[in-house]
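Given below, in the form of structure tokens, are the structures.
Two complexes follow with subunit A in common, the first pairing it with subunit B and the second with subunit C.
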Partner chain A sequence: MKPPPFEYHAPDTIEEALAILANTGEEARVIAGGQSLVPLLNMRLARPELLVDLNRIASLAGVSQPNPDMIRIGAMTRQRTLETDSLVSTHFKVLAEAAKFIAHIAIRTRGTVGGSLAHADPAAELPAMMLLLDAEFITAQSGGVSRRLSADQFFVGPWSTTLETGEILEAVEIKTATDTGFAFSEVARVNGAFALVGAGAAANVGRDHELLSARIAFCGLSSTPRLLALPSEIVKGRPFNDELIDHVAAEVWRWAEPIGDIHARPEYRRRVAVALARRVLPLAVQRATVGATS
Partner chain B sequence: MVNPTSPALRYAAMQSGTWVGKPVERREDVELLTGAGRFIADLTRPGMLHAAFLRSPLPHANIRSVDTAAAKALPGVHAVFTGADLAPTIGQQPTPHRVWGQKDTPYYALARDRVRYVGEPVALVIADSRYLAEDARELIEVDWDSLPAVGNMDASLASDAPLLYPGWTNNVAGSFDQEMGDVDAAFAAADVVVSRRFSISRIFGCPLEGRGVLAEWEPTPQELTVWSSTQALHVAQDCLAETLGIPAHRVRVLVPRLGGGFGSKFHFYPEDVAVSFASREIGRPVRWVEDRSEAFLSTVHARQEVISAEMAATADGRITGVKANILGDMGGALHTMAYGPVWLTAVMMTNVYEIPNARVHLDAVLTNKTPFGSYRGWGQPQANFAVERLVDGVAAELGLDRFEIRRRNFIPPDRFPYRSLHHVFDSGDYAAALDRALELAGYQEWRIRQTQMRSEGRHVGIGVSFYVENTALGPSRLLNEGGVDQGGYDIAHVRVEPSGDVTIYTGLCDMGQGVTNALAQVCAQELGMDPDQITVVTGDTQMCPRTGYGTGASRSAAVGGAAVMKACGVIRNKIKAIAAHMLEADVADLELKEGAVRVKGDPKSHVSMADIGRAAYLRIKDLPEGMDPGLQAVEVFDPPQMAWPYGVNVVVVEVDIETGVVSFLDYAYVHDCGTVVNPLIVDGQIHGAVAQGISMALHEELIYSDEGQPLFSTFMDYVLPTAVEIPRLRLDHLMTPSPIIPGGMKGVGEAGVIGSPAAVAGAIEDALAPFGVQVDELPMTPDRIVALIDGARSQRMASHPA
Partner chain C sequence: MTQSIALTVNNVPVATTVEPRRLLADFLRDDLGLYGTHLGCEHGVCGACTVLVEGEPVRSCLMLAVQADGCDVRTVESLSQGGSLHPLQEAFRKHHALQCGFCTAGFLLTSLYLIESDHDLSDEQTVREALAGNLCRCTGYQNIVDAVMDASATMAATRP
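Right, the complex of A and B next:
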């Protein structure tokens, strides 16, 4: 469990980091919190010739509010910060809720938001949460090029994103949504283990408590994080009751493309996706209702 | 009755002497908790080199050739060894546990011409650093001739199965039969017969610290020093001597701190030999530290058995017979302890019940997987799971309560010593423990709450299991008669120093269980001293007396403690003789108390242990005329039979039927391990072992493909619980001293792991009673629980179409 030799750089600025990456090409890897990459290095499953460590680049870390309608989370923000940051807890408490399910505190204290997103593990919570929150991904390339990608554009497959060689994920930006209620829950083999299935729900309700729209994002269910925007014929303008929940459950059942592994069969994941949908959606609706009336 | 909610009161009730039974905090804890403990990975020697093993990636293959040239050419690499290099001088791996009918399954420190499991060591690289050694390992080219492999026992037992050992007629490495009474008549006359097939998965001890070995060869005189993470000091010494061809007294084995062992470190491993060989060849110290991924493949696996069993009973709930056919999955070769654990499963198939008729049969089946071996409980958790689940089955058939059926079948207190299938049980009052557990658990109240919760749509179940644990392994002669070339005795060397303080030398190993505290407390009790004045030396074959067995089989406090007591008895007599002379008092009037010898009833008349020590070694003229100087004793204790603690698990769980997640609502545990030496340690042993039993029931599983490929290499694949998954235990203790052990101690190290899987499984089955499912397979993962419910639902739909 020792990595093969590699060159190591720890630049102080993002420009410097981009320049190093531009000069090395595909043989280089960016290292953030190292909670996935270091084990891969030690098991020699990843063999980069050069590592660019982003930990010294202060501008990449932290949560900010660039304008009143937006929260920006720097790529090097620690996952643990999602649980403790006041901006996050004011606007997206659900991120703190989901972050608690990421491994253990020691790992969250090192692991970063950007690292998790760029690693794109299908069972990881944050990619699914970014889909749910409709986050925008801001990247940087050498020569001052920056791209803005939707979460949907960013994740393309298991452990695979549209980040290009030499490109760094800089931050995600999420529009605040006071009229939306959110909730997250997860089933894992044990506390801190990867999700068998995790589900986050978002719901908007009208003045008469009727549902306007709802969506549910899943991790662990399929080979990529996936978002189910519930069809408007099921939800729009409907009162939130058992009948509606049954319709949602049927829709999740039909829509799921569950995977199997040594921990659970696809049938199990489909079943749990439905069970979680039945649990998180009512909570999201309830929170939206409280938000709408307060 | 002890108040179980107050540890202080509970501990007070367990204190039976000045020091025996006192909750003394462990002497090693400050060192361990502040990170000052030194383990194999912390040790270095001048000029030390580092080792990395190339392991087989194939489950079954012949080795055509191994090309090490490129690896040897890498700068910083000192040597690369293969099986061919070892063959001229190194013997096959020993199997000290040998019983009748057991076949020889040769395997070597480095595979010679065939590998039989993924992870089997094939080559050894020695380099300046572990990094370089792993770089060089990648340059070794092996020309493999891959063979068909068997990844499970069904495949291994098929008539056309590939054979692991050429020349054999099948893959069975040994069988065993035992019978008592008239089994066929009992089953013919039975009112009810329950038949079940139990499957227990492959798991392993998985200590927090993996294994490690640091070997240093001294050419003059030809001596080998090995720092090893072993629980069995003298097994390691003997096996190193045997394989390397060195006289055992020229092999010194040293054991630093161990980060747990759980039986897996009782075993003697290929790496111990290969690293020692390398040191001898190169002439420099060599260290190998197992990494986590290696640990999953190269440390012995355990538990995996399939038990097809039947239980016969009368209509009034008297169990009259048991039959069991047991298959043990041995992996690619018989390891240090061969199929000992499977044998123990077989002979424990009557548990604590007076069942007059029993017949057991076992087959030890080879498969292309990591070899099978010891893990806390040996074969007992499997036997307990099968028997207790069968008892639940009989209760269900007869509509009897789970407590009541057990009560009706216990071996009664007046039947001890009781001859079971193989063993003689020393003592016990099982009904008393059951009654206490019923009360502690609030069983009747839980039944009421269960009914109420069921009506609210909640799935709550109550499980109960009764276990007995075989401890104080012995006597030596009986082990030998069983074919095992190991003893059950222990030797204690107790020495009063010139300062009056005491040093105990023992062959037992401290693997984190706290045995040195127990021995010090026993000694303190016997000599009227404070344990702080007593040093316990372990883990050095050059200083410590031989142990017949090692640290395992829950024997240290009972057998080791009794040996210390015996030695203290000899010393106490001499101390009194010296004191009588110095005080001009009668020996009969003396007592050892608070670090001095005192004349009873005369507080002013005493002589301190320091004065005694000085007299014994320095001021010889203070000794009685004719008495030899010195104050020490070496005494042996060989238990006349085994000691049998026992206990009850009462578990309340709730099952989420949509997700299959099990949560604990309550866990009550009552046990009797005879005299308690240190209740803090006893509680800790129970907590840890119950956690491992729960984990066996719900979480852990080493999964292989049908072709023998392991589907695990990290803790992402092999699920261990955290503290969050383990419920708060409510404990209570009964204390019935063992009549056969001086001091009355029984072992406790394995107790908690034996009964907990059956109780958890029983609770899940009870929770799912509305579906009518049977829980006969472990672990009960969320997926398996959901599958059970789905299976029951579809069966119901098939038999009662809407």
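Right, the complex of A and C next:
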């Protein structure tokens, strides 16, 4: 099958793109990396009247550090860039770790960070990572309107975000977290396949490398990315040993509300979530550095 | 409603008009007669349509030809020079790494990228993971892996 006919614009600026979207309304769609949209076009599951291509808008792409405490990732940044960019490697290597699980290299050379987030596939790694990293989602609409949303405010359901008609995701901003240790891992049927479950962990440790706080974000487990902030009565101040890991595993088991589909039954996803928690939390703890205040 | 595009394909400048909905794969095949690039799934999972755009592997079934305006595109036809096989093609021949050949162009360009970008191809497991985005229904992959590892060593030895 081939895409149905559509009008096509490839503006150079965000303002132009937003103006076209505002004028066209519901019948317009944006195309970023195209790795999710073009399959829909090829199968004629999507029939937009007009496509606004964001690939020529240079200001939408790139990783920057607007101030020492923040990393900004433009929405049109390629997923492959997360694997090679030095700012990402320095501040959030876990994003490179997670990006390697996104499909295959040939997808990641075109697929974008913003596209993955706006598409909001329940199994996608980047939505869960942005939830884990407490990223701020910056949007743009015509008329200079911009909103700043948390991940919870952004993701509302399977393939569903709070982006309004004519609104695009412009960038995400993440506060740097030098002492926090991070790790990500995933279980999929084969390399590059959609995650059955993926988990990213963040941990902070005290002077004796005892756990101060920890949280784990999951993709593929539910219809949106989900974050488990481990209750302080379970983790705080405790030595990080097998007994603590067992407590965490039990908490993940209790907390998870797994979905079932043709790929996996809910109870399988629950088991995988626990197995991944056991895998990523120790890694995150290991990578954490003792903070100045603990 | 067509648009003008100008790009370079296998080092040859191309200037023409296309409908915006024209996929890069179909443009290469039907507009330029470069039928080496194949379409297996048309949704990005099989890898048969893989070409190099600006030196990086891309699913040509998921890119619009208009998006390749101004780009440098390389297809499987660019590999052999003056009738001689590229070392990668020679390795595929030597190791019997193809049967029907439908997936082969995709494997060749993915492998070319991996080798030329100094991707770690030293052990079989890593090679299998790196090639996981290309599906083959005929060979069972072993000969493809052998060919890629052999070509990687050969090409490293002859790199300036």
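The rule is short, and it goes like this: the second predicted complex is superposed on the first by the 288 of 294 C-alpha atoms of A that agree within 3 Å, B and C clash if a C-alpha of one lies under 4 Å from a C-alpha of the other, contacts with A are read in each partner's own complex, and residues count from 1 in each chain.
In this section, a contact is a pair of C-beta atoms (placed from the backbone, for glycine too) under 8 Å apart; a residue touches a chain by one contact, two chains touch by 3 or more.
Just so it is clear, the model here is predicted, and its values are computed rather than measured.
Novice: Let me test your reading of the model: by the given contact rule, A:Lys93 touches which partner, first (subunit B), second (subunit C), both or neither?
Specialist: A:Lys93 contacts neither subunit B nor subunit C.
Novice: With both complexes overlaid on chain A, does A:Asn55 touch subunit B (first), subunit C (second), both or neither?
Specialist: Only subunit C is touched by A:Asn55; subunit B is not.
Novice: Which of the two partners, first being subunit B and second being subunit C, lies in contact with A:Pro39: first, second, both, or neither?
Specialist: Both subunit B and subunit C are touched by A:Pro39.
Novice: Mind working out whether A:Arg147 is in touch with subunit B, subunit C, both or neither, as first, second, both or neither?
Specialist: Neither partner.
Novice: Does the superposition put A:Lys175 against subunit B (first), subunit C (second), both, or neither?
Specialist: It touches nothing on subunit B or subunit C.
Novice: Identify the partner contact of A:Tyr268: answer first if only subunit B is touched, second if only subunit C is, both if each is, neither if none is.
Specialist: A:Tyr268 sits against subunit B, while subunit C stays out of touch.
Novice: Applying the touch criterion given at the start, work out whether A:Lys236 contacts subunit B, subunit C, both or neither, answering first, second, both or neither.
Specialist: In the superposition, A:Lys236 contacts neither subunit B nor subunit C.
Novice: Taking the superposition as given, does A:His209 touch the first partner, subunit B, the second, subunit C, both, or neither?
Specialist: Neither: A:His209 stays clear of subunit B and subunit C.
Novice: For A:His247, is the partner it touches subunit B (first), subunit C (second), both, or none of the two (neither)?
Specialist: In the superposition, A:His247 contacts neither subunit B nor subunit C.
Novice: List the residues of subunit A that touch subunit B in one complex and subunit C in the other.
Specialist: Common interface on subunit A, subunit B vs subunit C: 1-5, 39, 43, 104, 190-192.
Novice: Which of the residues in subunit C end up touching subunit A in this complex?
Specialist: Going through subunit C, the ones touching subunit A are 1, 3, 19-21, 23, 26, 42-44, 47, 50, 53, 56-59, 61-64, 66-67, 110, 113, 128-130, 132-133.
Novice: Hey, which residues of subunit A end up touching subunit B in the complex?
Specialist: These residues of subunit A touch subunit B: 1-5, 39, 43-44, 104, 187, 189-194, 196, 262-265, 267-268, 271-272, 274-276, 278.
Novice: State the interface residues of subunit B toward subunit A in the complex, per the touch definition above.
Specialist: Within the complex, subunit B contacts subunit A at residues 130-131, 134-135, 138, 291-294, 658-661, 699, 703, 711-714, 716-717, 719-722, 724-725, 781-783, 786-787, 790.
Novice: Across the complex, what residues on subunit A touch subunit C?
Specialist: Touch list, subunit A to subunit C: 1-8, 10, 31, 34-35, 38-39, 41-43, 51, 53, 55, 80, 103-107, 109-110, 190-192.
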